[in-house]
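Listed below are the structures to be examined.
You will see chain A twice below: alongside chain B first, and alongside chain C after that.
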Partner chain A sequence: MKTQKTVLIVEDEKSLRDALTDTLRLKGFLPLEAKNGLEGVRIALSKHPDMILLDLIMPEMDGMTALKKIREDSWGAHAPVIILTNVSATSEKIVEDMVTHKPINYLIKSDWKIHDVVDKISGLLKI
Partner chain B sequence: MDKKVVIPKFDDLILTLKVLAKDKEDVRRKLAVTAKKLALKAKQLAVTAADKESIRRELEITAKDKENVRRELEITARDKENVRQKLAVTAKKLALKAKQLAVTAADKESIRQKLTVTAKELKKSYETLEKKVSERTKDLEQARAKDVAILSSIADGLIVTDEKGRITFGNSVFEQLLGWRLDEAKGKLLTDLVPMFNSLGNKMTQTERLLTLSLTKGQSTPVTGAVYKYSRKDGSVFPAMISVSPVVIAGVAVGAVEVFRDVTKEEKIDKAKTEFVSLASHQLRTPLTMIGWYTEMILKGDVGELLPNQKKYLEEIYEGNKRMVDMVNTLLDVSRIELGTFKVEPKPTDIMALAQSVLDEQKPEIEEKKLVIDEDFGKGFPIFLTDAKLLRMVFQNLLSNAVKYTPPGGRIGFSISLDDEKILHIKVSDTGYGIPNNQKDQIFTKLFRADNVRSKDTTGTGLGLYIIKSIIENSGGKIRFESEENKGTAFYVTLPSASSSR
Partner chain C sequence: MTIKMKSANNAFTSSLVIMAMGLIFLPFVVFAQSDVTKNAQVDTSNAGVVVKVAPGELLPISVKLSNFGGGNRVDVLVAYSIVTSAGQEIYSSSETVAVETTDNFVKTIQIPFGTAPGIYTAKTSITYNGQLVPATTQFSFTVERKIFGLFQSDFFLYGGITLFASICVVFLGYVLVRRRHKTRFVPFDYSNIPRAERTFYEILSDTIAQMRGRVGDDALTIASRINGLKIDTETGRILDLNESPAKIIATLVSEYEKLLGKKVSFSFRSEKTDYKLIK
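Moving on, here comes the complex of A and B:
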C-alpha cells in the first residue's frame, strides 16, 4: 500500500472535527487537525496535505482568509481544498471568493452524510 | 190791464140801463137822444167789448203767456230737473270717483305701509343673513384651519394635486421627506418635481406613475410595499410605501391625493430580521450536523454491530434530525427570498434525470402508501437551460405535497413537456384531499396551511408553495392550480428557458 493520504481538517467545532477524524482514519486516511484558520494555514504550508477540509466561520482567522493565505503560497496555489461549512453560499462575497480561490467543492455540513463526504474525498484523490 | 177796473165800469152800466127802463116814457122821448147815446154807448160797448175782447185777448195772451211762461217754466223745470238729474248722476259719479279715489288712496297707503314693512323685514333679513354669513364664515374658517392642521399633522407625507397633476398642497412631512418647501412645489407637476424609481431602480415614466393612473383612470392604488423609491430635492432617494387615490367630485376626477411613508427604517428592520433568521439558521445547522453525523456513524456500524432495536431507535433520531435540517433549509430559503439573495444560476440541465431523481427520493413514501405514479415525460428533452437547484425545489415541493396529501392507494400524475417556444410545462396532479374553496386564495401565502390537512399531517411548514412560487415567478414562470376537496389537486407550472427569459 502506498503512503497514506493526508487530509487536513480545519474545524473549530471539536465534536465535528472528531467525527471527521474518526471516519477518515476508519477509511484509511491520515487526518491532520487544525482548530482555526491560523493553525490551518500553518499546518497546510508545513505538511502539504493531499486534501484540505476547510470550515468558514472560525475564531482567530476565518476559512476564506485562510484559503487566501494558502493560495499565496506556491504549493498552496494548487492545493485541493473542499469548503465544508454550514453557511449557505448566498452572499456575493462568498461567491466571488469561490471564483477567485477555486476550492474543489462547497459542501453544506448538515446536508451531507459524513460517509458521503469521505467518499467524495476518496473519489477526488482517486483512491 | 187791471181786471178790478173793468168789473165796476160794467156794473155801473147795468144800473143805468135799469133806471132807463122805469122812465120809459120819458126815456122814449129821450130815446132818440138816448138811442144816439145808446149807439154811442153800443159803440162804447163795442169798444168796451173790443176792449174786453182785447182784454180777453190780452188775457188770453196773458194766459197764453202764462201758459208759455208755465210751459217755459215747465221746460225750465224740466231742464232744471234734467240738469239736476245729470248733476245727481255726476254727483254720484263724482261720489263714486271720490270713493274710488279714496279706495285707491287707501290701497296706496296700505301698499306704502306694506312696502315699509317689507323694507324693514328685508333690512332685518339682510342683517340676519349678514350675521349668519359671518358666523358661517367663521365656522368655515375654523373648520378649514382644523382641516389644514389635521392634514399637516398626518405623520405620512401627503401631496394633493389638481386634475393636471400639479401640486396644490403638501404637508410638513412632505416638506421634510422630499426637501421641497410647499411654496416652491405649488403649481409644479408632481411627476416632474419628484422623480420615482421602481424596484429595478429604473426611473418611472409619466405614464407609469401611480398618480397618472389615478388621474386618467380614476383608480385607487392600495398601499404598496416598499417597491418604489422617491427622489429628494438633493437627488438622494428613499424607499417609500405609497398609495394614491383620485379626488372625485360628481363622478369627475378633479385631482389626486398621494400619501407616502419613508420605510427606510422598516426595510432595515426587515433586513435585520431576515439576517437574524439566516444567522440563527446557520448556527442551528452545527448541532444538527453533530447529531446527524454521529447517528450516521453508529448506524453504519463504524463502532460495532447494533441490536435491531438500537438500530430502529437511532433511525428515528436520524429521521427527526433530517426533518429539522430540512426545516432550517426551508427557513433559509425564505430568508434568501426576502433578502433578495436568491440567485438564479442557469446551467444546461437534464430535466428528465432531475425529475427522475426527485421521484426516486419520494419512492419510500410512495411505496408505503401504495400510490400509483403516472409519469409522462414525453419523448425526452433536449438539454434545458435553467437553475437545476431551483427546479429541483419546485419538483420536490410539488411531488412531496402530492404524496403527503393523497390517501393510500391514490394516484399521482407527473408530466413534463416542452413546447415550441421552449417553455417547460410541468403538471403534478393527485387524487388527494384537495384545497378547500374558501382557502384557495391563501395557498401560496407564507406559513399558510389548509385546515383540512393540518390535522392529517403535522410536518408541513406552510413554506413550500410560498418558496416555489417565488422561485418560479423570479424565473419568469407561472404557477396555478385546480382543486376540488376530496377529489384532488393539479398544479400547473410554466417555466421559460433561462436564455429566453434573459
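Moving on, here comes the complex of A and C:
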C-alpha cells in the first residue's frame, strides 16, 4: 500500500489553513498544521513531512526564522519548502534570505488559488 | 458538327452564325452556308468552355445571320428551345427576323426557376421562304444552383480551399506560438557561473522568462534598464551582474509588479533538473 504524503501547513490565518488542509486531504495527502513558525519548526523536525508550506508573517516566530532553523537540521537542510506569502520579494534582504535558504517556490497568495497550490504540491511530489 | 442545307433560291446565299454567351461572352460559333451550286456546310466550334447558368438567370445567345445576299429582305423564322439531356423540352420560343444581307443580335432566354441542375442543350434553328431543310445548331450548357452568389460547385471549391487555408494558417500559428512559448521557457544553463552567484543568475533568468510569457518583450525591455543587470535583449539570457545580485532581483521584481499591478511569484531551480537547459 502506498504511503500517504505528508504536507505541513505553517499558517497563522485559520481560514486559509483550514481551506488548504481540506483541499490537501481531498487530494489524498495527510496534512499537518502549525499556527506559527515555532510550532512549525517543532512539527517539521519531529514528523519530517514530505513538503512544508510556509507563511512568512506569523506571530511568535516568522517564516524566515523558521526556515533558517529548519535548514540548520540535517534532515531540514534539504527539506522541500514552498513559501506562500503576501510579502512581495522587492527587498534585498528577502531575496538574500531566499537565495540562502532556497525554498522551491516563492508564491504570492493573491496570485495563487488554493487548488493551484495543491496541484503544484502534487506535481512536485509527483503524485 | 456538320449540317448540310440546301436553298431553292438561287439569289440567296445565306449563312448563320450563332454564338452563345455565359456569364462572359463565350464563342460558340456555327456557320451555315447555302449556295445554288453546292450543298452548304455548318461548322461548330467552341473554346472548350462550359457555360453555367443558375435557374432564373438569363442565357444569352448571340445570333448572326449573314450572306443572305440579293438586296431583298427575307423573313427568317428563328426558333429557340432548351432540352434536357434526356431530350425533354423545357423551353421553346420563336421570332421572325427580317434580314436583308446580314443581321446580328443577342437573344436572351431566361432559364425557368424550377429547372433542375444538370446539363442542357440550347437549340436554335432558322427557317426561311423556299428553304428545303431547316438549319439547326446547338450547344450544351450547365444549369447549377447558386449559394451566396457563387455557383454551387465554385462555392464548395473555393469554400474548401478557404477552409483548408484557414486551418493551415491556424495550425501554423499554433505551432509557432507553442514553439516560441516553449523556447522562451527553456531555462538557460549557467553552469559556467560560480556556484555562489549561479542561483541569482537562475532566478533572474527564470523570472524574466516567466514575465516574458505574461507581458511579452516588455519584460526584456524592463530588465535591460535595471542598473547592474546586463542581458541579451533578444533571448533574455543573463550576461553579467555588476551590482548586488539580491538588489537587482528585488528591483526587477519591483518593476514587474509595477507593470503587472500585482505581486510576482518566482521559483528556484532544483539541484536535479529533469529538463533541458539552453547552453
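Here, the second predicted complex is superposed on the first by the 126 of 127 C-alpha atoms of A that agree within 3 Å, B and C clash if a C-alpha of one lies under 4 Å from a C-alpha of the other, contacts with A are read in each partner's own complex, and residues count from 1 in each chain.
Keep this in mind: a contact is a pair of C-beta atoms (placed from the backbone, for glycine too) under 8 Å apart; a residue touches a chain by one contact, two chains touch by 3 or more.
Small disclaimer: the values here were computed from a predicted structure and weren't measured.
Annotation for the three-chain superposition on chain A: chain B and chain C clash. In the superposition on chain A, contact is made by A:98 with chain C only, not with chain B. Looking at the shared chain after the overlay, A:110 reaches both chain B and chain C. In the superposition on chain A, contact is made by A:26 with chain B only, not with chain C. Residue contacts after overlaying the shared chain place A:119 against neither chain B nor chain C.
Of the two partner chains, chain B and chain C are each touched by A:88. Contact with chain B, but none with chain C, is seen for A:16 once the two complexes are overlaid on the shared chain.
Mapped onto the common chain A, chain B and chain C collide along 327-335, the only clashing stretch among 3-11, 111-119, 327-335 or 435-443.
Chain A residues 86, 88, 90-91, 95, 108, 110-111 lie at the interface with chain B in one structure and with chain C in the other. Those residues of chain B that touch chain A in the complex are listed here as 278, 282-283, 285-286, 288-290, 292-294, 296-297, 300, 302, 325, 328-329, 332, 336, 339, 341-343.
Within the complex, the chain A residues that touch chain B are 13, 15-16, 19, 22-23, 26, 57, 86-88, 90-91, 95, 108-111, 113-115. Against chain C, the residues of chain A that register as touching in their complex are 86, 88-96, 98-99, 102-108, 110-112. Across the complex, chain C meets chain A through its residues 199-200, 203, 244-247, 249-251, 253-254, 257, 262-268, 270.
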